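Only one structure is covered here, and it is reproduced in the block below.
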Amino acid sequence: MNPVSREKIMKRLLLIAVALSLIILPVILIWVGYNGSGIISIEFLTSRPRLFEYGGIYPQIMGSVYLVSLCTLFGAPLGIASAIYLAEYAPDNRITQSVRFFTETLAGMPSIVIGLFGLEFLVFYLQLKTSLLAGAISLSFMMLPWTIRASEEAIKTVPQEYRAASLALGATKWQTIVNVVIPAAMPGILTGVLLGVGKAVGETAVVWLTAGSGLEAFVPRSLSSPTGSLPMYIYLLATQAHTVEGVQRAYGASLVLLIMFLGVSVSALMARNYYLRRLGN
Amino acid sequence: MSYQINEELLRFRPKMAQDKVIFNDFNLWYGEKHALIDINIAVKSNIVTAFMGPSGCGKSSLLRGINRMNDIIPVARSTGEVLIDGKNIMGSGINVYDLRKRVGMVFQRPNPFPMSIYDNIAYAPLLHDVAEEEELDKIVENSLRGAALWDEVKDRLDDSAFSLSGGQQQRLCIARALSINPDIILMDEPCSALDPIATIKIEALMRELKEKYTVVLVTHNLQQAARVSEMTAFMYIGEIIEFGATRDIFENPREELTEKYITGRFG
Amino acid sequence: MMKLESLIEKALFLSASFSALIVFLITFFLIREGVPALSLNFLTGLEWRPGQEFFGTLPTIIGTLWVVIGAVFIALLIGVPTAIYLSEFAPFWVRNIIKSSVEVIVGIPSVVIGFFGLMILVPFIRNTIGGRGESILAGWIVLAIMILPNLISLTEDSLRAVPKSYREASLALGATQWQTITKVIVPAASSGIRAAIVLGVGRAIGETMAVLMVIGNPETPWIPTSILDMTRTLTSTIAIEFSYAEWGSPHQHALFAIGVVLFLLVTALNFVATFVIRRNKN
Amino acid sequence: MRSRRRKKQTTYLFLGIGVIIGLLLAGPLRYNGVINDLRDQITSGGGDTIPTGDLTVAGSSTLLPITQECANLFMEKHPFTYISVAGGGSGHGIKSAGSGEVDIGQSSRNIKDSELLRYPDLVIFSIGKDSVAVIINSDNPLAGSLDLSLEELGEVFSGEITNWKDLGGEDHEIEVYTREEGSGTREVFTQYVLGDKNYVSTASVKPSNGEMRASVANNKYGIAYVSLGYVDEAVSAVLIDGVEATVENVQNGAYPITRILWMFTKGMPNNLESSFILFIQGPEGQKVVEELGYIPIY
């Protein structure tokens, strides 16, 4: 076979693979949308669950929002600070290498293990109970390494010339980082943080063991209240519903969760574009 | 090979000028590598001094000795003295940040910050709290005028610095260096990434700048050294081979090595 | 000023060590709870009957490996060509669409994908291929869907990082685009692809909810002999049995011990990844 | 001034983020404050018969829907109470209540002797009953007519009978589903049906009633056992010794397989705890139990 016709065949095979990876999303979206859109209504979005598989999902939506916001509040600053250290200060020695190694280990930690740890350490050992706080902290353990990784990457891609220019103007290292490096790395950092948020929104295994049952009828009243979340609600209803009503609600909640995730992704994209425009690239 | 040396430069005599920066037995190592060896020269004030030589000869390192930018390289270490206005900047008790405020620097490639034109200039004055908010506009305007850029950008100060052409960006970087009101301006091959027209503009600017500032220029472009500098140092593998009035270096070099370099037989 | 600077550096170092602290705490608590159940028999035993206190996890470990390796293989088969298409052929806008749509898959909660597998995939396999439907095969497909996005974007990144000059040099020698890709670009990006694979394996080992819903989880797992066999994974065993286990009982310790095994597997993989990436740098 | 603008933009950004976080956090805290104020007013003026205060419940996810719904109704009736219900599973519920981490624990399996030894203070209440029905796919030719004895069922689930042919059906393997070790449903099924036998090792373990039913509804050759409330038209219940699995047959004792749903407190329950448990055991609570497909205690 001559190279040109082989090229054609190869390209066709390539397109088959592309089609396969492209088809997954629409299939799942249509499946969820088709089954879930019927139940979506103002009523469903603003009322609380009744009798297990009836009523709405307001507390679950708000619970997810609370969990993820708090988790970001803990995880993002810590993650960005760690990334700054690793990218700007860390000398190339054993300590730094092991810090990096542990960060990577945490990134690869199965969520069920983080959940077990959250349960043992936060819920029982620190007596935080099954609560908003315990759930949010456990989630932030999951989010932390992703934020670190993305932020470090973003900080490292800031051209060395910016730092040299700032230092030559008499700025200290920290002034340079705050005023030049971080703003320039902002699009990457934001994307990293929002990526972590996206992961946290859909996480089930961790909140299962630390945050609450998923059926809560109220938005959390304090940091120590058990907190419902959409993934947990979906899991409960998908696996335990008695009736079609319940299964439909699982689909509906999945749709809401997907829309929330898309919302986070789109705002990540917009924030990124806004910063890129401001940076003039 | 002949060099066109500026009329005005021909009138220059080193004895006419005061010493601004003096290197005394200055040595620099990068790890094991001895990058600068026993440097003893005096850079005169209010002229352009050029450091030239083949790449890797240490001319940029020498330049960076003046504002201690070598400090940010972890493996760099140095001995000897560098005096600015008679004060040793290598000594203890020297605040390196204050030093760098007195010494502006322009880099090889234009490196404006990813901010607006205005913010690029306002960056350092704001950082050092030298300016009241009201004065800031004045500083920006003066710096941009000083870098002959004001007329081109005065209507678009809020635009991103990256919207400027390469030559304009480099002049913006010069303006940024002027914003801290330095005595000395270091230029590290400022035209190497620019086209000939932009290069001519920057060179004209250097001739203006030396009225108020001491300008030190690193260049590998012999023509450029001949066109703009009063004094030239020729360096080779970490050592100063010859230092003197540009005219002397180009017309009657004392050293054979210098002559070979000037006549293009190596480098 | 200098004092503030060094203070800041110390604070930043503390933040960076925080992840290490968490990993230490996780190790400590897992081991504290898991060690009573850890023994040679735990790792090599063939029978898992918590009711009679038989805790042999070998079939589960092998089942996990089966599921993970197959899933990563399928993901590679689809993901690498997609990444090649994205980096070498796709026009800008097509690339944008594909990349963002693939990245949205990451955000589909694993519960939803598991639910999809249970309702659509499992009956499909039973009716067209045979067996019970709940099978290693179903696990492969579900897991492949979940690791595909990361694999595609990491592979694409490393393909794009190959200098343009390589491409031009190869094309200038008269190679076709396809030859250039297979002979020059993919080998040049291979360390990046290897790292992506290792990360994918890690993710696949840790995935819980989606896999749990489709692989059948037999009462007493055996060492699988066919891709239509049911099996258990380490994570699914923890997830299904944890909520009813008696606290402080050997069963609960055994589940924590599975957590220890998971932890060790992931850490070992991370060692490999670090090794691969380091070799890449040299 | 241009100079200020850049700083201001950043300031606004952080201010915005701060406000959003503040609002999120202020919501629960403010609500908390208002409730406390009101409660103080009520309790200072009123008698001590009105239940007030916070209550935490945790444990079995089978009981979760019952408890959550009863908590909602109870809180509507007694506005100055706050009951939070967490899941976690029966084991978690027993441990949490036994060690005093929550006020009330709940379990859908019997408390083991070892647990009673560890937590000797537990006081136990029953709040409902459940029955376990055996289900097969509606398309199975045997659907509706299959009638097995407990002993035959035991042979099916332990793998001694492996083909539908042996039960009078098609020539195809019987595909068994079971619940996870520790599940209350499994425990009661084991107790009545399997005795000392082991489940067949190819039985697929499903961690919930819903998945058991969905699996059988999707599998023509499947057989599983679920809580009575999960039997619907998608599956067909198996007669046991000729008796159909219905609420009446459970209540009159004709249908054999039943279990009790438990709640427990550490030591004797206080005012609020006992009001809540009595509420669940009372007519309103038992109506919820019934609506959710379980069997009232009386």
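Order of writing sets the chain letters: A, B, C and D. Residues in each chain are counted from 1.
Following the convention adopted for this analysis, contacts are C-beta pairs under 8 Å (C-beta built on N, C-alpha and C of every residue); 3 or more make two chains touch, one makes a residue touch a chain.
In this text, all values refer to a predicted model and were calculated from it rather than measured experimentally.
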Contact-count maximum falls on chain pair A-C
Min distance from chain CA centroid to global CA centroid: chain A
Most remote chain w.r.t. Subunit C, using mean C-alpha positions, is B
Expressed in whole Å, how far the mean CA point of subunit C lies from that of subunit D is 32
Dist(centroid_CA(subunit A), centroid_CA(subunit D)) in Å evaluates to 30
In whole angstrom, the CA-centroid distance of subunit B from subunit D equals 77
Taking each chain's centre as the mean of its CA atoms, subunit A sits from subunit B at a distance in Å of 48
Expected list for subunit A, residues touching two or more other chains, is 172, 209, 238-239
Residues of subunit D that touch two or more other chains sit at 61, 87-88, 207, 211
Multi-chain touching residues of subunit B, meaning two or more other chains, are 97, 115
Seen from subunit D, its contact residues with subunit A in the complex are 20-21, 24, 27-29, 31-32, 35, 56, 58, 61, 64-65, 68-69, 71-72, 82, 84-88, 101-102, 207-211, 229-230, 232, 288, 291-293
Seen from subunit A, its contact residues with subunit B in the complex are 91, 159, 161-172, 175, 179-180, 183-184, 278-281
Given the complex, residues on subunit A that touch subunit D span 48-53, 65-66, 69-70, 73, 124, 127, 129-130, 208-209, 212-217, 219-223, 225-226, 236-243
So, in the complex, the side of subunit C touching subunit D is made of residues 49-52, 118-119, 122-123, 126, 132-134, 212-213, 216-222, 230, 232, 239-249, 251-252
So, in the complex, the side of subunit D touching subunit C is made of residues 61, 87-92, 94-95, 109, 112, 114-115, 118, 175, 178, 180-184, 190, 198-207, 211, 214-215, 218-219
